[in-house]
Amino acid sequence: MSFRSPDPTPEIIVWVENLAKQFVLHNQGAAILEVLRDVSLTLRSGDCLVLNGPSGAGKSSLLRCIYGNYKSDSGRIVVRHNGQPVDMVAATPREVLSVRRQTLGYVSQFLKVIPRVATIDVVAEPLRREGMEAGRARDNAATMLHRLNVPERLWKLAPATFSGGEQQRVNIARGFVSDYPVMLLDEPTSALDATNREEVIALVQEKLAAGAAVIGIFHDEDVRDRLATHLLNMAPLREAA
Amino acid sequence: MDTISQSPDNFHAASGSYNFAYLDEQTKRMIRRALLKAITIPGYQVPFGGREMPLSYGWGTGGIQVTASVIGPEDILKVIDQGADDTTNAVSIRSFFAKTTGVETTTETAEATLIQTRHRIPETPLREDQVIVYQVPIPEPLRWLEPRETETRKMHGLAEYGGMHVRLYEDITRYGKIATSYDYPVIVNGRYLMRPSPIPKFDNPKMDQNPALQLFGAGREKRIYAVPPYTSVKSLDFEDHPFEIQTWDQDCAICGSTDSFLDEVITDDAGGRMFVCSDTDYCGQRMAAHDASDETETNQ
Amino acid sequence: MNSGSTAPLLSVSGLSHYYGAITGCCGVSFDLWPGEVIGVVGESGSGKTTLLNCISGRMAPTVGKVEFCTRTEGLADIYRMSEAERRMLMRTDWGFVHQNPRDGLRMGVSAGANIGERLMAVGARHYGEIRDTANDWLGKVEFNLDRMDHLPSTFSGGMQQRLQIARNLVTGPRLVFMDEPTGGLDVSVQARLLDLLRELVTDLGLSAIVVTHDLAVARLITQRLMVMRQGEVVETGLTDQVLDDPQHPYSQLLVSSILQV
């Protein structure tokens, strides 16, 4: 029961319209937390949209809604997937998974993986899921880990014991190892030193140059200014009157 | 063999108080019906209303009930236990039937029309006019795999017998060959998995296409099954570990037989031992023939 | 996970099972697609196991249909096919991994024989080949090959569970049912086993239905989740969405009850 929205101009690859999201906390007196109201945006190839606003403005929630991690209440999130627009709000779980596998990359703030799995395999996993053969997937993962200066002696270890910065780089490597046309980045540089921050900026710039679209949250003003082609200012919603 | 008519005179001559062959006529009919069913479905276990017999379970109550149901006044009965006619079990079952039927008994395989056996098939080949009755302790070949009776019946119904090979696999893994040496499972008529009763696997090939009718009775578990004459009986095996029978380095120490099943007999407490035919009649026949030819030679 | 396939592998519709007046599970419908792993979560007594037994051919539901896409005839109601066909399906195209390996293993025979059994059940009669295949599978589940001829009772819980998995996968099933597959294991062993399961599912393109009360297990190996309560499915969706943004009051309670480490 995939919802196919009327196709906007083909160069638009993400199109969000009147998106609303609230949490109903059933076990806390049915309290309602409204986090997104009437959010609309469009992204074309090469665009980097930076979400800007204070903590609690709903930036991460918006990314999660787009990724299908949060369930949107109303509105549309249309993503061009294999040339076809797919509404992530109305899509079946299977369709969402298909979009995630091929079109939509997401780098979360924290790494959530099976404990005790070697770093190299953590990074290679998205490629393996796409069906890439294990050896090749590991080679690609190695290239990405090199690039993000994760020392080779750590690759065989599980990332759980790594420092915050190392874990974040593993997470970024995992997000960038596959070639997604749309990337959602939730504070990927927050725990990085200057050298690695530069590397991530370069990675994002290459993505954009290759025609991808990026929606990101960047804590660091310098990063934000250098990457943003568009800004979306967000503010915490007041209590509904 | 005449199983239906019976001679009251003959019976009264044998015993004043029992019905012919101990069992009452209704019970015999019930068992014969079970036997007919068993013969029409070779290898299939038919439940029957087993009776209490004047000896304990494990001593051949199943075999005795089958024998009692098929024996007639004209029959000549042979009873063997582990191949021998003179062991306790064989002697007492033989005298039981002699007393309750008055039939003639024998120890010679070739002379008998009806043979009840525990743990052996005679070495002398059986004929079309003979019936052999096996005493069966545990009839269900799948029991070790599956404790539930409902489930084993279903497995028989659907011919799900693959698990039986697991035991043979374990044998090969542990001993380098299939070490199961008696009660070796067989497939009857290409369909039912059957326990041949605890005969040595040496005897398994004798069951295949045998001209005699083979009947099996399990008294404790109240099951009857049968292999009709000229029916295929195939022992389970692997392609790369085919079925094999036991062989011996020695010949029989008494008759010198090279192709019969041998028992090891301890002769003293200093390690002395010998190997002799387990089939006493077969061994005796060979010796008799030997003596006869010796005499002929001396006379000349 | 192959989005190109057009037919579900398993289709459950309107399934209910009652134990007399007591509801086991009620009105469950869902489709499982090739390559997909679905988790069923809920507390004890929520009907997870009843549901699993009904859809795995072990217990006929009171009402409803369970259809499986057979290799020859497409979608077929598993309770309308002959018992012989259903049992054949259960030992070839399906696997069932029990929480307690003792329920899924033959404890009296060696590891190799445990794996070989399913092969022999479908007609393998060459000892050498059976052994080679068993050896391969023990390798795939990272089992110590020196112990192939040992009895399962001499293995640790984790090893037994690996053996049970190999025993199920040896016939190349397309669908595996798992009942709390990591339930009885140490946390440290759990993690490796989960990783192994995920790898096998990916490599073999398996579909699986995993019943668990452990939400962490569900997050790590399933793509879709069904939350059950009092016999009914109260919420269903993408696993990460159900866990991160649960909608039903009971799902919210379940998620918020996890101890954070």
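When the chains are written out, they are named A, B and C in that same order, and each has its own residue count from 1.
Heads up, the rule we're going with is that a contact is a pair of C-beta atoms (placed from the backbone, for glycine too) under 8 Å apart; a residue touches a chain by one contact, two chains touch by 3 or more.
All values reported here derive from a predicted model rather than from experimental measurement.
Chain contacts here run in a simple line, from one end chain through to the other with no loop closing. Taking the mean of all protein Cα atoms as the centre, the chain whose own Cα mean lies nearest is C. The distance from the centre of chain A to the centre of chain C, with each centre set as the mean of the Cα atoms, comes to 31 Å. Our note on geometry: chain B versus chain C, Cα centroid distance of 47 Å, whole angstroms.
Centre-to-centre, using mean CA coordinates, chain A is 78 Å away from chain B.
Among all residues of chain A, none touch two or more other chains.
Of all residues in chain B, only 154, 158, 160, 162-163, 165-167, 169-170, 172-174, 237-241 touch chain C in the complex they form. Those residues of chain C whose C-beta lies close enough to touch chain A in the complex are 1, 3, 33, 36, 188, 191-192, 194-195, 198-199, 202, 219-220, 223-224, 237-238, 240-241, 244-245, 247-249, 252-253, 256. Chain C meets chain B in the complex at residues 83-84, 87, 106, 109-110, 112-113, 116-117, 120-123, 125-128, 130-131, 149.
Put simply, chain A touches chain C in their complex at residues 23-27, 64, 68-71, 93-98, 101, 112-117, 121, 128-129.
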